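One chain, chain A, appears in both complexes that follow, with chain B as partner in the first and chain C in the second.
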Partner chain A sequence: MIVGEQKPFAQVKSFIEEYGKLLVVGCGSCATVCLAGGEREVMTLASALRIAFLREEREKEILEHCVTRQCEPEFLEPLVARARSEGIEAVLSLGCGVGVKLLAEKLQDLPVFPGLDTKFFGATTEAGVWVEMCAGCGDCILHLTGGICPIARCSKSMLNGPCGGSKDGKCEIGPDTECGWALIIERMRRLGTLDRLDEVLPPRDWSSGHFGGPRRVVREELVTHRSDDE
Partner chain B sequence: MKSGSNLERVLEADQFAVTVELGPPMDCSAEVVLEKARLLKGCADAFNITDNQTAVVRLSSIAGALLILQEGLEPVMQMTCRDRNRIAIQSDILGAAALGIRNCLCIAGDHQSFGAAGRLKGHPGAKNVYDVDSLQLVSILKGLRDDGRQQGGDPVETRPPLFIGAAWTPMGDPVDYRPRRLRKKVAAGADFIQTQGVYDVDQFRGQMAKAAAMGLHEQTAILAGIIVPKSAVMLRYMDSSVAGVTVPRALIDRMEAAKARAGDDKQRVRLEQEEEGIRITVELIEQVREIEGVRGVHLQAIEWEKRVPEIVERAGLLPRPTVAEA
Partner chain C sequence: MVPCVARLSIPDLLAPYELGADAVVVISCAEDDCMYPTAESRLAHRIARVKTLLDEIGLGAERLDHWQTHGSAEISWTAFWEISRRKLQQVLAREKAG
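Presenting the complex of A and B:
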């Protein structure tokens, strides 16, 4: 999932100071699963904002909404219609950055603010802990490294084994970070495939990642081309 | 000869090599570098100029290398993968070679979150690069030198004559993987190796035996790293906090005993420990020298370079050999 974390309350509040009617929008997908921006978090945040403004004796209308997936245009249509019909002045999204971006696109003349900091692609490893697992680099090498990604899980994205900073399974950047290469070596040892790491991997072509510029995926068979005859 | 560097010649002549680390200042004082150079001249075959070590901004490795070169010392330019992409790396290497720099040590570099292990501010919010890893850096240099080819495939007409070095942390975790990691670096093209600081000679001997069993000691010149200890506090810190360094209890006890001998006088406490540190260093040099496959030592006296000549002298490594250019 895409893991997010709520921005500091004061910062979120500062975004919306000047608006009288606000819609807080949650997302039923990743943001819900990582307990950062689902229906429940929308309710909690909206209440907290109402109370904070009331304490300052300022009345604001803060409405709540949750969509199944903020990252898919069709799920946003009812929301767009509601924002228009109810005279919403600004939207606070508790989706990931994709949700914020897409909402902004659909709600052309309305300001959309991010309620979350979008962190990474990851998973929960224990209650309350989420860990980055994939860097979204666009050219997966997990078949070479036992299913554990050195790009995402090594602080230096080393491709040919651990640097000198691995200690007791931890990374040199701190005791809370596992050494990605210690994990890879342990895993491949267990699989009996450690020898595969002897191969020297050449410098990578990073153009498949963000470094190649904003990316897109095109599946020709699904693209509906307009015929020239029409 | 790959580079014709003094370090390469000394090793080719089967002499026990000595390299010494020279840390550049955190400002633009050429004088600081030159002063250290004058102090260290003649006590090693080549001198490593660190590259923003512990992720703290210092006078650049390439400039430091040129400064000592002009002073008549041979530099080993260190280059990390942290701060440059492959374009900058190759450009700097070609530039360094044009300036007469012949040795380069390829390292990953301490992560930018280090900031001298918290003693300085550093730049923990910096964006790192890690376009290539330290092993790929070795292979890129080899490609420039041996194939006359840039990493991207473009030709290099005048090839840089480089003696290519890599680091090895023999006692780093996962410790049983470390000899294989060395083998990979050798396969990538490392002509020489400088190891992380060795205090636990027995453990190092064990790792060297594994490397020797793979024949690596014959394919590359391994220089054992020795970090000169200054105090019991430093030894304890190295043991607990520096990855790949373990300090045997006996050495810490020796340093503690030196401290205890000194009584309450703060200056004596410092001096006694420093003297013990130098004795320990000399003994470590003698011990690693006996290990099969160790072709030299790499001394690091962090901001304490002034004591290096005495250490090298006491270890019986002076004068340094003169090996004529072929």
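Presenting the complex of A and C:
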């Protein structure tokens, strides 16, 4: 899932100070699972904002909405219609950065503010703990590394670790961070595939990642060519 | 109507402040007396979260009290309520004094 974390309350409140009618929008997918921006978090944040403005004796209307997925245009249509019909002045999104961006695109002349800091692609390792598992680099090498990603799990994204900063399975950046390469070696030892690390690989092409510029995936067989229909 | 304080969600705990309440007092069952093993700790987490939010809002965490019944409910609840009431009076007086 995409893991996010709510921005500090004061920062979120500062975004919306000048607007009278606000819609707080949650996302029923990743943001719900990581307990940052689902229906319950929308209720909580909207309530907290109402109390804060009430305390300042400032009249605001803060409404709530949650869509199944903020990253799919179809799910945003009812929200766009609601925003138009109810005279919403600004939207606060508790979706990830993708949701904020798509909402902004669909709502055109309405300001859309982020309520979350989007962190990473990760998994829940225990209740309340999320760990980065994938860097979305566009060139997956998990078949070579026992299913553990050195790009995401190694602090230096090294392809030939562990480095000298690895000690007792921990990374030099902090005792809470596991050494990604220690995890890879342990896993491959257990699988009996450690010898595969002896293989010499060509230099990696990093352009498949974000360093190559904004990316897109196009599957021609699924694309509806609007110009053909019109 | 909330049948059990373990069912109190964070929005439930915030709702009274929206309606104008100066403070909220939650009185739950005695420690280790709940038949659901994680209910007490979950409530404690929610209370802590709401206290943080109250601080961030500017109302102050002291406007939410959580007590656990001790001995007789008839006696302890009255005592808890009185402590919370006096504390709130002090908070309001301090705020008024600026």
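In this section, the second predicted complex is superposed on the first by the 225 of 230 C-alpha atoms of A that agree within 3 Å, B and C clash if a C-alpha of one lies under 4 Å from a C-alpha of the other, contacts with A are read in each partner's own complex, and residues count from 1 in each chain.
Simple rule for what comes next: contacts are C-beta pairs under 8 Å (C-beta built on N, C-alpha and C of every residue); 3 or more make two chains touch, one makes a residue touch a chain.
All values derive from a computational prediction rather than experimental measurement.
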Touched partner set for A:C163, first chain B, second chain C, both or neither: first
First (chain B), second (chain C), both or neither touched by A:R196: neither
Touching partner for A:I185 - first (chain B), second (chain C), both, neither: first
Partner chain in contact with A:R40 - chain B first, chain C second, else both or neither: second
Partner chain in contact with A:W206 - chain B first, chain C second, else both or neither: first
Chain A: partner with more touched residues, chain B or chain C: B
Which of chain B and chain C A:R84 touches, first, second, both or neither: neither
First, second, both or neither for A:R215, with chain B first and chain C second: neither
List of chain C residues in touch with chain A within their complex: 9-11, 14-15, 17-18, 53, 56-59
Chain A residues touching chain B - in the complex, by the definition given at the top: 155-169, 171-174, 179, 181-182, 185-186, 194, 197-198, 200-204, 206
Sites on chain A touched by chain C in the complex: 8-10, 40, 43-44, 47-48, 50-52, 54-55
Residues on chain B engaged by chain A in the complex (per definition of touch): 81-82, 86, 108-111, 113-114, 128, 130-136, 139-140, 151, 167-169, 172-174, 177, 180-181, 183-184, 187-188, 196, 243-244
